[in-house]
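Two complexes follow with chain A in common, the first pairing it with chain B and the second with chain C.
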Partner chain A sequence: MTTDTKQPEKVSKQRQRADWLLENRARVSVLAALAFLFIVALAGLESKDWFPTIMQGLSVGALTFLVASGLSLIFGLMDVLSLAHGEIFMLGAYVGWTVYTRFDTTVDATVPLLLVIAPFTLMPLWQRMARWLRTLGRKWHFGIWILGLGVVYAAWYVIFAAGDADAIEGEVSGAGAGVTIIVSLLFVAAAYGLYRKWRSNDGSVESVKEAMSLTSWSLLALGGGAAITAMTKFPLVIWDAEDFAKSPSNFAVQVDLGTLAPLPADSFGWPALVAFVVLLLGGSLIALALSSLQTAIGDVAPLTRKHWTGFVAMVGLAIVLHLTKASLNEWVFGLSTTWRFFLAIAVATGLGFAVGAFIEVVLIRPLYDRPIYQLMITLGVGFILIELVREVWGRPEFTMARPAAFNGTGEGCPGQGLGGFFSGCSTVEVFGGRLRVYNEGFVVLVGALVLIGVTLLLKKTRIGMVIRAGVQDPEMVEALGINVRRVFTLVFAMGSGLAALGGVLAAPSIGLSSGMGATFLLGAIVALAIGGLTSFPGAAAGALLVGLLQQIIIRFGQTGINLPFLDEPFKPSPTVVPAAAILLMVVILLVLPSGLLGRSER
Partner chain B sequence: MTTLTPTPQSWLRRRRGLLAMVALLIAFPFLVSIIVDGQGLGAVIANDQGNARFLQGLAIEIFILAIYALSYDLILGVTGLLSFGHAMFFAVGAYTFGIMLKTHEMQWVAALVVVLIAAILQAFLFGVVLVRVKGIAFALVTLGLASVFWIVIQSSDLQQWAGAEIGLQGVRAPVWFLDTTNERFAFYLVTMTLMILCYVLYLRIIDSPSGKVFHAIRENEDRALMLGYNTFWFKLLVLVIASVTASLGGVLHTMHQPIVTPNIAGLGFTVTALLIILIGGVGTITGALVGAAVYRLLQFYLDRWFGAASELLIGLAYVVLVLYLPYGIVGTWRAKAAKRKEGWERLRTLLSPGERPTS
Partner chain C sequence: MSLLRLEEVHTFIEQFHILEGVSIDVPEGDIVALLGRNGAGKTTTLKTILGLTPARSGSVFYDGNNITGRRSFDIAAMGIGFVPEHRAIFSDLSVEENLLIAERERGDFAAKEDFIFGLFPDLKRLIRLPGTNLSGGQQQMLAVARALVPNNRLLLIDEPSEGLAPVLIEQMMEAIRRLSSESTVLLVEQNFIVASRLAQHFVIIEEGRSIMSGAMKDLVDDDETIKRYLGAGTGGAT
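The block that comes next holds the complex of A and B.
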C-alpha cells in the first residue's frame, strides 16, 4: 500500500524536475558554459595568480553591485532606467573626497545648505499658506509674477553679465552686452505676456489654476534668486579666494598645490545675520512654491511641536556650526584618517540619498506617463552632474589617500594568511599571492554587507514587502491603499545613496575622474542585463560576473592568450576590457532575453 | 476647384518653402561676403579667408548634423525604436571612409562602396538583435554594441588604423569637390545638396505605404502584426536606411574635420542626436534640420560666451526641453497652426478699413 502511493509521487517529482530542466534549458546551458569557461580560465593561470584575480574580481564586482543594486530596484519598481546613476556614484566619490581631504570646505558649504533646507521641515505651514494664496486677488498675483521675473533677471545679470564685464578680453564683454540686450528684450516680452495673461484671468477654475502655477514658479524664482545671491556673499573656501578667480575651475588642483588658503572667519560680503536671514527666507519661498505647485493640497496635517523641533534643530545646528567652525575644523583634522573616512562615507551616502529623492520628486515624477522622456531626462541629469563636477572640482584625474587603518607598513607587514587582513597592514599575502587590504578586503566586505542588508530589508520588513509587491504589480499595491509614490521616492533615494556609497569606496582604490561614473554605469547596466533587469539577486550575480570577467581578462592581458591561429599570444590592452563584459551581455541577452535570473516574458 | 491629378506646378507650389530655403542657402555665402566682409562675389568662389568662409564651415557642420539627426528621427521618432547605439552608425561611416582612403589608398568611389557595404552590414547586425529583444532591452543591447565599437576604436591595438585616442588624422580629400580647405564653396554645395536630397527622400519614404507601416509600428506593433505586416522586415528596412544615411553623414564629417575623434562613437554623440530631434520635434523630420541649426548655433555661441560652462547650460536646456517642450519647435509650431491662422485672420480684419470686428 505504502509503496503504491509512493511510486507515482516519485514519478511526478522526476517529471517536475525534467519539466523544469526543459523549461530552463537555455538558462542551465548558459550557466554551464560560463562555469566551464571560468574553470578553463583559472586553469590557464599560475597557481599564485588565481586567488588575487578572484579577489580583485570580487572587489570590482562589489563596486559594480553597489551601482547595480539601486538601478535594479528602481527599474523593477518604477520601470525607470536611471542613466544618471553612474553620475551619482561619481558625485559620491567627489563629495567623499572633499569631506575627507578638505573638511573646512564641507563645513562652509553645510551652513548655508542647512539654512535653505531647514524651512522644508515646516511643510504644513507652507501648504496652508499656499491654500491661502489661491484666494488672493489678481493684482497680487500679477505683482508676484513681475517680482519673480525681475529677480530672475537680476540674478542672471549678477552671475553672468556682471561677471563677464570684467573678463580679460574686451571682445567677450562686447558679446556679453549683446546678450544682455537680447535677454532684456526677452524679459520685456515675457512681462507683456504676463500682462496679457493677467488681463484674461476671468476667475474660472482653469484661469485660477494657470495663475497659481505662474505664481508658484515666480515664488520659486524669488526664493532661488534670494538663496543664490546670499550664497555668493557667504564665505566659502572654494568660492571666494582670489587666486581661484585667476585660474578658475580647479578646486582639486589648488588643494594639491596648497594655494587654496582658508579665509578669515569674518569675510562676509554682508553682515552674517543678513545673510542668514536671506538664506532662510529663500528656503521658505522655495518650500512655499513647491507646496503650491502641487495641484491638489489635501488635508493639511496640523503643525505640531515635532515640526518646530526639527526646524529649530536645523537652524541651531547651522548657527552652532558657523560659530564653532574653527575649533571644529581643528578637531576633525586632528582625528585619524580612518574616522574621517567613515565621516566621508556617512556624508556622501546621505547626500546621494537626498539627491536621489530630489531627482525623483522634481524630475521623474511629472513624467510617469511619458516613459521614454524619463529615460531622456535621466540622461540629461547625468550630463549636468558631469559638467557640474568638472566646473567645481576641475578636470584632471586625482586620487584619494587610503585611510590609515588600511595603509599600515613596517614591522610584520605584509600580513600572512587570512588573519593578515586584520593586522593593519596595507597588503597581505594569501596563498602566495599579494592582496591589498582595502581594495580586496574592505570593499568586498562592504559589498557583501550591503547585499545581506538589502536582501533582509526586502524579505523581512514591511517596506520590503511593499517594494517586492510593487515590482510585481504597482497598481494592485496602490489599490490596497499604500502610497506607492512615496515608496518610489524612497527606493530611488535609497538606490542613489548606495551608488554614492560605492563612489566613496571607489575613491581610494581606483581614484577620481569625471569619466568614472560612465564606466561604472556601463558595468552596472551590463550586470543588470545579464542578471535579469528586475531581479535583485540577478543584479548581484551579474555584477560578480562582470567583475570577475574583467579582472581575468586583465590578468590574461599581462600573460597573453594562446589563440590557435596566431603565432604570438594575443594580448588585449586594458582599454578593451570593458568590451568583453558588454559582449557577454549581448550574447546572454540574445540567448536569454530576460537574463539569467529574470522572469521570462511569455 | 480642386484638381485630383497633381500637376508639376502644384508640386512646385507645395514645395515653395523648401525651394526658397535652397535658394537662400545658395545665396548665403555671397550675401555674407558682400554685407559682412565687404568683398565681392568672386571671393566666395576663390575661397578667400573671411566670415563667409568661416560661416560656410559652420553651415557644413550643421548640414552634417542634420543628416545624422534625420536618420535618428527615422528610427526613434517615426518608427519608435529606442536605439542608443546611433553614434556607431555615424562613426562607422566616418572611420571606414577615412581608413579606406588613408591606409588602403582606395579610389573614393570604391571607398564609398565599402562604406555602403559596412553600413548595410551593421544594420543587419542590429537587425539580428531586433528579433530577440524589444523595448528597453533593445536600447541596452544597442548601447552595448556601440560601446564595444567605441572602446575598440580607441584601443591601442588598432593604433595604426584608427589612431587610438587621438583619432584619425591626415585623411586627404580624394577629389576637388570634397576638399573643404581649398574648395570650401564646392564642398558647401555638396553637403547642402546631400542634406536636401536626404530630407526630400525621407519625406517621400514617410509618405509611402511602407512609411505608414513605420508609423504603425511606433503606435502599436502588435496591431500592425495582426494586420498582416511582418514588422521585422520593416524595422530592418528602417535600420538599413538610417544606417546608410548616418554613414553618409560620417563620410562628410571625415572630409570636413581635420581629425576624426573617437568622441563621435560615444554615447555623448547619440545624446547629441537625441537633443537635436528634441529641439526640432520628435518624429517630424523637418525638426531634425531645424534642431541641428539651433543646436549647433546654440553650442557655438554658448561656448563663446560662457566657455567651459556652456556644456552645463546645454544640459540644463535639455532637461527644460524634456519637461516643458516635449514636441519641440516644429511640433509645437504645427500644433499651434490653427491658432496662428485665427490670429492672422483677426489681424487682417483689424487692418482692413471697411470692416469692424463684431462685438
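The block that comes next holds the complex of A and C.
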C-alpha cells in the first residue's frame, strides 16, 4: 500500500521542481547573472583586496538590513512605508552614543521623562475624567481656557519678550516694548473671543463639542507648560556644541583616552519633591487633554491593578534612579567600555521599540483609512527627529569610540586568520587582507544573528504565524478573534527597535551625523524594492546586494577598473555609489517587477 | 431563544448604502439560510455581524448582548466562526498552521482534532502542505475546519458550495449537517437546492433589505417567490 502511493508522489515532486524552475526562470536567470557579475568584479581585484571588499559589503549590508528588516515587516503587515525609519536608526545611534559616552546625562534625562510618561499608564482614569469634564458647567470650561491662554502668554513672554538676564548691557535683549504691547493686545483679543464662546455656549451637542476641544487644548498648554518648566529645573548636564570642552566630539575623544570623569551636576532649581510633583501633574494634564480630544465612543476599560502597577513601577524607577544617581554613575563609568557598549545597545534598542510603539499608537493608528496621510506623517516625524537631534547634540559630526574588546593594539596584533577575530585586536589579517574586527566582524555577526532570530520568530512562534497570516489578510486574522492592531503595534515597535539597534552598531564604524538616517533609509528602500517589498528574506538579500555593490564600486574607485576601449583604468567616483544601488534596483525591477523574492501580483 | 438577532441594520461601505434595513433571527441550534441575488447584501450582512463592515445604525444582538460597534476580534472571540466567501486560506502557512492560528486557547485544536478529521478525512493527509498547494475543494474544507477549531457557538458560512464539483458539494453538505449538531449556522448559499436541503429557516435579502423569512419547508414549494427573488436559474441549477 505504501509503495503504491510513494511512486506517484515522487513523480509529482519532480514535476513540481520542473514547474518551479519554469515559473521562476526570470528569477533564476537574474540571480545567475548577478552572481556572474559579482564574480567577474571580484576577479578583477587583487587577491588581498577581494576578501575585505566582500566583508565590508556584508558589514554595510548588515546595517542596511537592520533598517530594511523592520521596514519590510511593517510594510508587509500594515502597508505603511515608514519614512521615519531612517531617523529612528539615527536616533538609536545618538542615544547609544549618549549612554556609552555620557551615562550621567542619560540618567538625568531619564528621570523627568519617566515622570511625564508615567501618568499615561492610567489612561482609563483620564478617559473617565474626560467624560466628567464634558458634564462640567460652561463657566468652568471658560476658566480652564483662560488658564491655558495665560500659560501660552507666559511662555511667549519668558521665551521672546523678557530677554536674557545676563545679556550684555546696551545689547537689545528680548522684544521691544511695541512688539510686547501688540502681542499682549492680541492675547486680550483672544481672551475676549473665548468669552464670546462661553456666552454663546447653549449646551447643544455642537457647542459642547467645541467647548471640549478648546478645553483639551488649554489643558495641553497647561500640562506642557508645567512639564517644561519643571524640566528646566532639573540638573541636566547638557553639552554645548559651541564650547569644545563640553562638546560631544571632546567627550568622544576622552572616552577613547579613558580620561572622562562625570561632570559635576548642577543643583536643583527647585526642591526635588516639588519638581517631581509638577512633572507628574504636567504628564497627567497632557494625558487628560489627549483623552478628551478623542471623541470617545464605547466603554471605558476598567482601571485595573495592571495599570496601577505600571504607574507605580515607573514613578518608583524614577525615584530610585534619582536617589542612586551618584553611585550608579560611578559604577557604570567604572565598567569597561565593552560592557557600556552592550548597555548602550540595550537602552537604544529599547528606546527605539518604545518610540516605534508610540508612533504607531498615536500617529499611525488613527490614519489607517488614509495611507497617504500616514506616509506624510512618518516623513514629518523623520524631520522632527532630525531637528531634535541637531538641537540636542548640535550639528557637527562626531565619532563614537570603539569598545575595548574590538580595539586592542600592540603585542600580537593584528590577529592572524579567522581566529584573529577573537584575539581582541582592532584589526585582523585574513587571506592577505586587513579587516577591522568591529566593522567586518561584530557588525556582520549581529546582522546574521538578527536575521536568524527574526526568521525563527516568524517561522516557529505563534506571534510569527499571526504576522505571516496578517501580511496576507489582516481582516481574516481579526475575524479569527485575534487583536490585529496589537500585533501591528508590536511589529512597528519591533521594527523600530531593530533600526535603533542598527544605529548603535553603526555609530563606532561610520560615526554620527544627522544625515546618517537618510542615507540608510534610501539603501533600505532600495533593498526592499530589490528583494520584493513584503518578503522578509527578500529584504535581507536586497540589503546584502546593496552593501556588496556599494563596497565593490568604492573599491574600484580606489584601484581603478580596466575597461575595453579605454587607455587608463576607469575610476568610478564615490558619488556614484547611491546612484549605482538605484540603477541596480531599476534593472532588477524591469526584469522582475515584484523583486527577487516577492510574490507576483495576482 | 435566538442566538443571533439583527434589528433594522444599516451598513455603508464608504459612501455606498449597502444594507438598508436587515432584520434576522437565528434560533440556537438551527441552520438558517440567507438567500438572495448576487449583490443583494448577503456577504455584507455576515461581515456586519462580525463588525468587519460595522453597522451604522440598527443593532446586532448575540446571545442577548448588544455587540454593535464592538471590534471584530472581540466579537469573534465571543464564539463566532467565519468561513468567508473566497476561503481566505493563509497561503504562507501550512495546513496545520492554518488550523492552529484559529486557536483561542492553547490546545483547542488538539481537543477538536478527531471531530475535524472525522468531517474532513482528506485534511489529515495534507497537514504539512502549504496552504497554496490545495485544490479549491480542499481549501473550502480547510476554511470550514478552521472555523471549527475553537468552540464556536455560531458559524457564519459564506457560499460553501461555490466552485465545487458535485461530489464535493455532497461531502460539504454532509459535513455542515454534522457540524450543526455542535453549532448554530448562518449560511449564505446561492445554490438553492443545497440551501433548501440544509437549512430549517430562510431569510431573503433583496437590495439590502430583508424582505421575507420563514420556515424552509414552506419556501420549497413556493415556485413564484423562488423565481421572483432568487432568479429563474437558481431553482434548477446543478
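Some points to look at:
Assume the second predicted complex is superposed on the first by the 426 of 602 C-alpha atoms of A that agree within 3 Å, B and C clash if a C-alpha of one lies under 4 Å from a C-alpha of the other, contacts with A are read in each partner's own complex, and residues count from 1 in each chain.
The rule is short, and it goes like this: contacts are C-beta pairs under 8 Å (C-beta built on N, C-alpha and C of every residue); 3 or more make two chains touch, one makes a residue touch a chain.
Owing to the predicted nature of the structure, the values given are computational and were not obtained by experimental measurement.
In the superposed model, B is the one of chain B and chain C that contacts more residues of chain A.
In the superposed model, A:Arg390 makes contact with chain B only, not with chain C. When both complexes are overlaid on chain A, the residue A:Asp473 reaches chain C alone and has no touch with chain B.
In the superposition on chain A, A:Leu122 contacts neither chain B nor chain C. In the overlay built on the shared chain, the residue A:Gly380 is in contact with chain B alone; chain C does not reach it. In the superposition on chain A, A:Met465 contacts chain C only, with no contact to chain B. Within chain A, not a single residue is touched by chain B in the first complex and by chain C in the second.
Residues 81, 160, 164, 172, 175-176, 179, 249, 363, 366-367, 370, 372-373, 375-377, 379-381, 383-384, 387-388, 390-391, 518, 522, 525-526, 529, 533, 572-573, 575-576, 578-579, 582-583, 585-586, 589-590, 593 of chain A are the ones touching chain B in the complex. The touching residues of chain B, counted against chain A in their complex, run 82, 128-129, 132-133, 136-137, 139-141, 143-145, 147-148, 151-152, 154-157, 267-268, 271, 274, 278, 304-306, 308-309, 311-312, 315-316, 318-319, 322-323, 326. Listing the residues of chain C that touch chain A in their complex gives 50, 52, 69-73, 76-77, 82, 84, 88, 90-93, 97, 100-102, 104, 146, 150. Partner chain C is touched in their complex by these residues of chain A: 297-298, 462, 465-466, 468-469, 471-473, 475-484.
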